[in-house]
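Below are structures written as C-alpha cells.
In the two complexes below, subunit A is the common chain; its partner is subunit B in one and subunit C in the other.
Moving on to the complex of A and B:
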C-alpha cells in the first residue's frame, strides 16, 4: 500500500480540494478576502520591519559564493532569479519571460524582461545572465550550490539583446527548477566585476530591497528599492515594496529570539523551535508560518557500505525497531508531521509508503534472529561471532535542533529493546564532517535543500559516494545500485512530465524498499511573526519568506 | 646619599618588576597562540569546508581547492604555524576566514562592546559585594547569614540560567527592559546584571570574611579606643581590608567576565568578542580565534598587572615584602 503526494491520486485529491475550497468560501463569505492582506484592510506603505534570524550570520551576502540557507533567506529580499514556482509547483516567469527547450534537449533558449534595471542602473539583458552563469562557474567564486546546479551547462550564447541560449552537455530536466533557486539569482554584471570582498558586502540585484549597510556580527540594513518593477508572476501587488526598510538581525539563542518577538523588539523570527511554536499558538499577538523546505525530507540514512547495515535484514530490523511517531508527537508538540518519503511533502513527485516504516519490535526481533544476530549479551545487546550489534550515530548539533536530538535519543531507547546499541555522538559541524569523511558512522541525519526531485540523484546515485577532496560525499547511505543509478540518470534527462514522474517513482520505491532511509518529517522551517505583519508568505521555491508584499498594520 | 640609593634601588626594583611582567606577558601570548593553533587542528574537520558555508551546501572540489590556496591551508602545518608566528610578531593578525576582513579591524569593532560590558559588570559586582559585606558587618549575625546565603546562590547560578530568568521576569512579565540588545543603555542592564551577580557572589564571600576579621582585629579595637565610631572603623580601616582580596581577585574576575561574555553576548544578541569567538570556533576561523584569544590574554595580563599595583597601594604589607 502506498500513497502519493498530489500526483497520481489526483482525481481524489482534486475532489477533496474542491470540497475544502467550497467550505472555505462558505466560512469566509461574510468577509470577502481581498488580495492584498489577510486583514481585509488596504495595505499601508512605510515603516521599518525587524527580522531576527537564528541562523549563523552569512559570511558573504552574495549567495553565489558558497550557497547556504542563511544566504538564501536574506538574499531573497534583494536578488531575484530568472524563474519561480507557483504553489502547484509549476514554473512561472520572474526575470525571464519565456523559455524553450531544444528538440534534442541539449540547449535552452531563455528570454529576459527588457524593462528591468539593477539597482546600480545596469540594465538586465542576455549579457547580464551570461555574466552571472560565468560567475557561478568560476572556481574563484567558490560557489558550491549554484555550481552544482549548473553542472550540465557547458556554454552560453547571446542570441539577441534579451535572449540567451544555454548549451548543455546532457539534457537536464531539472534546469528550470535549479534556476529558480535563490543561489542562482541574477546580479548586476557591473557589481560582479568588483573585488569579491566588495561584492560580498553588498551584492547588487533587481529585488524590492537594497543592501544598505552590513555591520558584521550585528545586523544588515535593507532599504526599499523605489524603482522596483519586477515582482514574480504570483506576487500580490506591483510597484515598490510597502516597507521602507528591514533590519536583519541575528539572535542565535532560541529563547531570546522568541522573547524579543513577544516584547515587540522584533517583528519576525525564523528557526522557531517546537516549544516556542506551541507557546505562540496561545498568544494572539503572534502568528505562525510553516514553510517546509523542498528537496529531501529529514531522514536518518543507514550506511549500507559496511557491517552491520550491509545486510538488508538488519536495516529492515532497525527501521521496525524505531518508534518514530511517538517521539515526534511528544517532542514536536504537533508542529511536525511524520514523513514516509525520501522527499519533502512540498515536492510534487514525492512518493511515500507508510507500510514500510511501521514500529514493529516483534518483526524487528524476528529479522535480527534471521540475520544471525540471535544471541544477546548480559546488557541485552545482540551479538554475532563475538561482535556486538552497535551503531555509530554522529549528530551535528548545528543541523539537528534540540527536539531532533531528543528524538534520536528516543529512537536509541526503542532500538535498544530489540538489541541495537546506538552510540549517539553530539558533534560540532566540522567534527561531524570529519566523522563522515572517515566512514565512521552507521546512522546519520543530514538535511538537503534543493528545488525538485533531482535531489534524489545527488543523494542516492552511486556517483555521490565518491568523496570530494574534503572527504565529504552526499550519498550518505552509500546506496550503490546500478538499476537505481540508471533510473535517476534517465529521470534527470527526461523532459516528458509523465515519464519523468514514473521514473522518479520507481527510483523512490527502490530507495524506500531497500530500507536505506528512515524518513522522519519535512525539513522544518517555521517562522513566527507579530500579527501586525500583514502579507507575509514564503516563496514556493526554497521556502524563504519574501517581504515584498508585507506591510505593517500598526 | 642614603636617600638617592634608596630611590635608585626602588627604581631598579620597579624595572625588574616591569621586566618580569613584560616577559611573562610575552610568554603567555606565545603560549596562547601555540595552544590555539594546534588545539583547533586537533578537532576533526576541514576549515575549507566550513569556510564554504557548511550545512546544506556542498563544496565542489574546485571550490575547496580554491579556498585552500586562498587561505594557505594547503601548506604543511609547521609552515603554517611559523608563518602565523612571523606575521604576529610583525603585528599582523591576518584576515578572518569567515568574515573576510582584517582581524585587527574586527577586534577593534568588537572590543569596545565587550570592554563596556566587562567593566560595568566588574563595577556592579564590586558595589554589590561591598554592600553585602558592609551590611553584614554593621547589621549583625542575621544579615551575615542572609548575605552569605545570597552570595552562595549568586556564585552558583550559571549565566545562561540567570539570563533566562531575568528576561522572563523583566522583559516578558514586567515589560521593563528589552530582552535583546537594542543599542541603547537600557539594553545593557540585563547583560550587566547577568554577568555581575555570580561574580558579586564570589567577591562578596571573600570580602565579607576579611571585613569581619578586620572589625575584630586589634587595630580596630585601638581605633575604637581612640573613640572612633563604628562607621569610622568600618570606612577608615575595615573597608580597605575587605578590598584587598577583592583587588587580588579582580584580575581573575576580569578573565571570568570575558569568558562569561561568550554566553551573555550570545543570549542577549550583543556584538562583542565573546560572540565573535563562538562563531569563529564553529567555523574553524583560526586567525579570528587567535586574535580574540590574544586580545583577551593581553587584557587579562594588563588587568593582573593593574591589580598587582593596586594591591601594593592598598596593602602596605605587600610593599614591605
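Moving on to the complex of A and C:
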C-alpha cells in the first residue's frame, strides 16, 4: 500500500496540489478494500495509468515502419485505422464511414469522416488517406506488414474531398481486413512529411491519446487528446478518453513486471507468463484478459529451402519426433491449448488435422532410415555422407516467452532421441532477423498477426520468399509450390464466402500435409490488470488493448 | 602444491609463517573445493539422474527425497544439473583465469623488462583498461566477437588481465633490483637464464595466490555472462544459465534459482577463503 502511494505521489509531485494528493491517498486506500458490483458504475474522468510492456521496445513509434506487434500495442492508443471489426468479426466504421467494392473487384471507393482532425490540426480527408497509402508503399519507409497488406493496391484516386478510390491489380477479398489493422493506421500527412527519424519519435494521428515524450529504454508518455471525436463504432462512450495520461513502461523481466503489478506500481501488464497467470488467478486485486491474436498460430516453421529439410521425409520425421503436448500442459499451466492448424483458433476458416502431428518416435526413426540417414555417430546423432543431422534453431528471446523456450528445449530433447541435433541459439531481435536474412536457420518460430485467413498468402505464397523493403520475408518455411500459390491467389480474390472457405481449406491441407509447419498453440496474448482498472478491452482486430474507454475506479 | 613449495624455497624468511594452523573456514573451504573437484571429474558418480533427461509431467517439483534440489520446468533433476554444471562453470572460470594470467605475463614482462618506453606504453594501456569496469570490458568483447562459450571465456580472461599484469610488472621490477639478480649478473648468467631462473618464478608466486582469489571472481563473471544468455546455449547445465532459466519462476519455484546460486556462492567463498589463507602464509 505504501509503495503504491509513494510512487503515485512521486509521479504527480510537480503537477498537482495538496487536494489531489489527498484524493490520491484516499483513492489509494480504497483500492485495498474488496470491491464488488463495479460494472454499472459511472466512469470517472482523470488520473494516470501505468502500463508495463514485456514486449520489445519499438525502434520506431510509427507502425508503418517495419510493422510489428510491439508497435501495434502502443500505436493503438494514438493512431486509428479506417475500419475496425466488431466482436462477430464484421467490418465496422472507424475513420471511414462507408466503402464499396466495384463490380469487377478491381477498385474500392472509401469515404472518410469529414469532421475529424489530426492532433496537429491537419484535417482528415481523402488527400490524407492517399498520403498514407503512398507512405506505406514507399520503399524508403521500409514497411513490412503494411506493405504486404497493400500489395494489390496499384494506385489511388481522389474522388472528392472525403472520398478516395483504390485501384487494385487483382480483386482483394482481404482488403478491408487488412485496412483494419493498426499497421495501416492513418497518420497526419503533414507529420509524414517530416524526416523519418522525427516521425518515428512522435507520430501524429487522430487517436484518443498523443505521444508526448519517449525516453528510450524507459517509457513513453501519452497524454489525452482533448479534441478527440473519432471512436470506432463499437466503443462504449464518445468524446475524449477518461484517462488524463498513460505512462507506457518497458519491463522486460516477467517476474519484475508482475511484482510491479502486485505492488500497484503499474496498473496493466502485457505478456503475462503462464506461471504468473496461474498465481494471479488467486489474487483478488488482479484481473486477467485473455485475447488470442488472429492470423497464424504459434508454430515452428521448417526451412524447406535447404538440406536436410528439403527432403519431405526428414520434415515428417522431425514432426513425429517432437513431443509437444506434454510440454504444453505442464509449462503453460493449462492456459494454452495445443493447435493443429496453421491458423489461430480465432480464425473461422482455420483447418486442423491432429493426425498429422502425433508424437511417434518409431515412425520418425523409420522415416529417417528411409531418407538415408540410417547411421548414427558416437553421440547418437544421425549421419549421412559424413554430414551430421543437425538443425539450426535461432530463437528470438523478445518474441518467444521463457515457457516457449523451455518447450523448444523439450522438443530438442525428444528430437535427440530420434537422432536430430538441434542447436538452440537464443538471440536478441536484431541478431535473430540477421540469422533469418542469411538463411541461417532450419527451424524458426515467428509469430505473424494479421486479420483474416489472408495471412496464409503472406506466409506461404512463394512471393513471400522475396524480402519486403524492411528486409523481412514472411515465408520462413520457404514453401515454393505452384499449386499452393494458385490456391492462395484465387482465395484472396474470391468474394463468394463458400468458395473462399473451400480454397483456403485446400491450401491449408497442402501446407500441413507437406510438413512445413509444426503448430504449437495460439499466439498467447494475456494481459493482467488491477481490478481498479475499468473498461479495458482488446480490439477485435489484432487484439491490442485500447485505453479509450478505460477509467480508474480508485 | 609442488610449484608453491619450490617457490617458497627460493625466498628466505617465509618458513616461520608456513606452519600456521589451518582454520575451520579453511577446512570447510577445502571440503567444498574437494567436492567441486569430484563433481568436475566424476559428475556421473555424484548425480543420480541424467542432467538433460526431460520429464514434463514432473516439472516444478519442490525439493524432495527423490529430487533433493527439486526439478525444473522440464522435470529435470536440479541436483544432477548442478553437479554436471560444475564442469562447464568452473572450467570457464579456470580457463579464463589462465588466459588472464598468460596475457598478464606477456604485458607485465614487457613493461618490467622492456625498457622505459615499453613500460610507459603498457602502463598507459593498463590504465585505460582499468578505467573500464571488468565486466563491461567482457561485454564489449562479446559484442564484437559474438556470444558463445569460447568468447565468454576469453572475454572474462581479457577483463581480468590488467589486474594481474600490474602485479607482475611490480614484482618483476622488485626482483630485478634484488641481490640475487645482481649476483647472477656478476656470475655471468645470460639474460634469458636470469629471467627464467630468478625473475619469473619469484614474480609469479604472489600471482598464484591472487589467482586463487580471482578464480572465484571469474566463475561469478562467467555465470553472469551465461545469465545474460551469452554463454552456453540450452540445454546445457551451467549455473548461470540455470539461474537465468529459474528467474522467471522465482516466485513459484524458488529452488530453480536458489541451488545453482548457492553453488556459485560456495565456489566464490571457498576460493576466497583459500586464497586469503595462501596469501597470509606465502606473501611477505
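What we mean here is this: the second predicted complex is superposed on the first by the 426 of 554 C-alpha atoms of A that agree within 3 Å, B and C clash if a C-alpha of one lies under 4 Å from a C-alpha of the other, contacts with A are read in each partner's own complex, and residues count from 1 in each chain.
Following the convention adopted for this analysis, contacts are C-beta pairs under 8 Å (C-beta built on N, C-alpha and C of every residue); 3 or more make two chains touch, one makes a residue touch a chain.
Just so it is clear, the structure is predicted and the values come from calculations on it, not from any experiment.
In the superposition on chain A, A:255 makes contact with both subunit B and subunit C.
Once chain A of one complex is fitted onto chain A of the other, the partner contacts of A:200 are limited to subunit B, with no touch recorded for subunit C.
In the overlay built on the shared chain, the residue A:159 is in contact with neither subunit B nor subunit C.
Judged by the touch definition given at the top, the superposed model places A:233 against neither subunit B nor subunit C.
Shared-chain residue A:68: touches subunit B; no touch with subunit C. A count of residues in subunit A touched by subunit B and by subunit C gives the higher number to B.
In the superposition on chain A, A:44 makes contact with neither subunit B nor subunit C.
By the touch criterion defined above, A:216 lies against subunit B but remains apart from subunit C after alignment on the C-alpha atoms of chain A. With both structures placed on the common chain, the touch criterion links A:307 to neither subunit B nor subunit C.
Annotation: subunit A residues 253, 255, 259 touch subunit B in one complex and subunit C in the other.
Residues 52, 56-57, 59-60, 66-69, 71, 139-145, 147-148, 196-197, 200, 215-218, 249-253, 255-257, 259-260, 262-263, 265-266, 396, 398-399, 428-435, 437-438, 447-449, 458, 468-472, 474 of subunit A are the ones that touch subunit B when the two sit in their complex. Residues 52-54, 56-57, 59-60, 73-75, 229, 233-235, 245, 247-253 of subunit C are the ones touching subunit A in the complex. Across the complex, subunit B meets subunit A through its residues 43-67, 98-101, 106, 109-110, 163-164, 167-168, 171-172, 175, 178-180, 182, 266-269, 271-272, 275-276, 279, 282-284. Contact residues on subunit A toward subunit C in their complex (touch as defined above): 253-255, 258-259, 273, 275, 278-279, 323, 326-327, 329-331, 397, 402-403, 405-406, 408-410, 412-414, 423-426.
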